[in-house]
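Listed after this line are the structures, all set down as structure tokens.
Two complexes are shown next, each including chain A; its partner changes from chain B in the first to chain C in the second.
Presenting the complex of A and B:
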């Protein structure tokens, strides 16, 4: 029986600011395609990635209304990845740093997001086959 | 704190490195460290490769003034360029520096799965 790998990622970037968010979520998507369970520890500004109140907007420069603009939202990408994991019988465990959440008032997260501490990151890392830390530059 | 024994054993086996460089080398002098690290690791008998993502792929263009990339190719350091980032920036594979290979991001996932050390820059 093939062993399922578990990978842990630590993210720090806030949404809408860096390409790293997109790149790392693409990497997580690829790891799910390869049958991996995923842990994510969101630290500092990254706790806003699954913030439930993110809203799309129109773009007057593009001449688009809100539907035409179809503004991408990280919370939707993360929800899609959680759904994808479930559909494959895998897990995507997303833990937001609690202190970072409190500092930022980012308590309203999408379903499936847990609250934790850096100690949870350590535990997830120890229980994983590999860990990737994606810090801010 | 002493890491669990299982983790120490796994780390002792790690000989492969994948360094993911995301920054434009024209803007970030510190990216030279990426090339120096890969070169030194390979000289030390380890196996290090570089994966260029985001704006780092700009330096992979054959016409770019990026001596570090050319030197890394000469030093036989494997260099990959994220096809997604290349497409976003309108860089065709045929316009890459010889020796730089276009690659899907799944290459990084493979490295993580096989236990390689992946460093994100």
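Presenting the complex of A and C:
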């Protein structure tokens, strides 16, 4: 019987600030394609990645209205990854650092996002085949 | 699982956070039972320098009385038996003398890093 691998990611960057975030979400997407369960611990600014109030906007410089611009939102990518995991019978556990949420007022997260602590990150790491930390600068 | 946390970015948001957030999470994870040490490099090398102090700041009419104590935060970690490694070349380039640093800090040269890292199950570079 094939063993399902579990990977844990720790993220720190706030949305719309670093290409690292997009890269990690693409890595998670690929890992789901490979049949991996995924844990994510969002630390500091990364707790705003699944913030439910993110809204797309038009872009006059691009000459696009809101539909033409099709502005990407991290919350939509994360929701899509959670749906993808469920569709494959896998798990994508997303934990926001609770203190980081409090100090930023980032309480309104999309469905499926949990509140936790560094202890949860430790437990997820111990239970994983590997952990990738993606810090910020 | 034995983990080495490598911290490169020094003094990132320390006034807002009242600490270094990676040293903080290292404390928190050790509290959860982790066997975890740190390696300071780059600007974070200065965390072990003695005599550093952050005076209270005032922005507008709002005075911030509780300033971060990063040296104390690292010293406290050493007090919990975490090993504190510091990149020796980064100490040299900053003019940091061994006698002016946290006694528990262990300078380590780049050539010795592979041997050090082999002693850990995981290395997390923040």
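Keep this in mind: the second predicted complex is superposed on the first by the 137 of 137 C-alpha atoms of A that agree within 3 Å, B and C clash if a C-alpha of one lies under 4 Å from a C-alpha of the other, contacts with A are read in each partner's own complex, and residues count from 1 in each chain.
We take it that a contact is a pair of C-beta atoms (placed from the backbone, for glycine too) under 8 Å apart; a residue touches a chain by one contact, two chains touch by 3 or more.
The shown structure was predicted, so the numbers you read here are calculated from the model rather than taken from an experiment.
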By the touch definition at the top of the document, which applies to A:108: first (chain B), second (chain C), both, or neither? neither
So, does A:19 touch the first partner chain B, the second partner chain C, both, or neither? first
A:44 in the overlay: touching chain B, chain C, both, or neither? Say first, second, both or neither. second
Quick one: is A:135 in contact with chain B, with chain C, with both, or with neither? Answer first, second, both or neither. both
Quick one: classify A:34 as touching chain B (first), chain C (second), both or neither. first
Is A:121 in contact with chain B, with chain C, with both, or with neither (first, second, both, neither)? second
With the two structures laid over each other on chain A, which partner does A:7 touch: chain B (first), chain C (second), both, or neither? first
Do chain B and chain C land on any of the same chain A residues, and which? 126, 130, 133, 135, 137
Contact residues on chain A for chain C in the complex? 10, 12, 43-44, 117-119, 121-123, 125-126, 130-131, 133, 135-137
Chain A contact footprint on chain C (complex, rising order): 1, 3, 8-9, 12-13, 21-22, 25, 28-29, 31-34, 122, 124-126
Partner chain A, residues of chain B touching it in the complex: 3-4, 7, 22-23, 28, 53-55, 82, 84, 104-106, 108-110, 112-113, 115-116, 118, 120-121
Complex contact set, residues of chain A against chain B: 5, 7, 19-20, 23, 26-27, 30-31, 33-34, 36, 126, 129-130, 132-135, 137
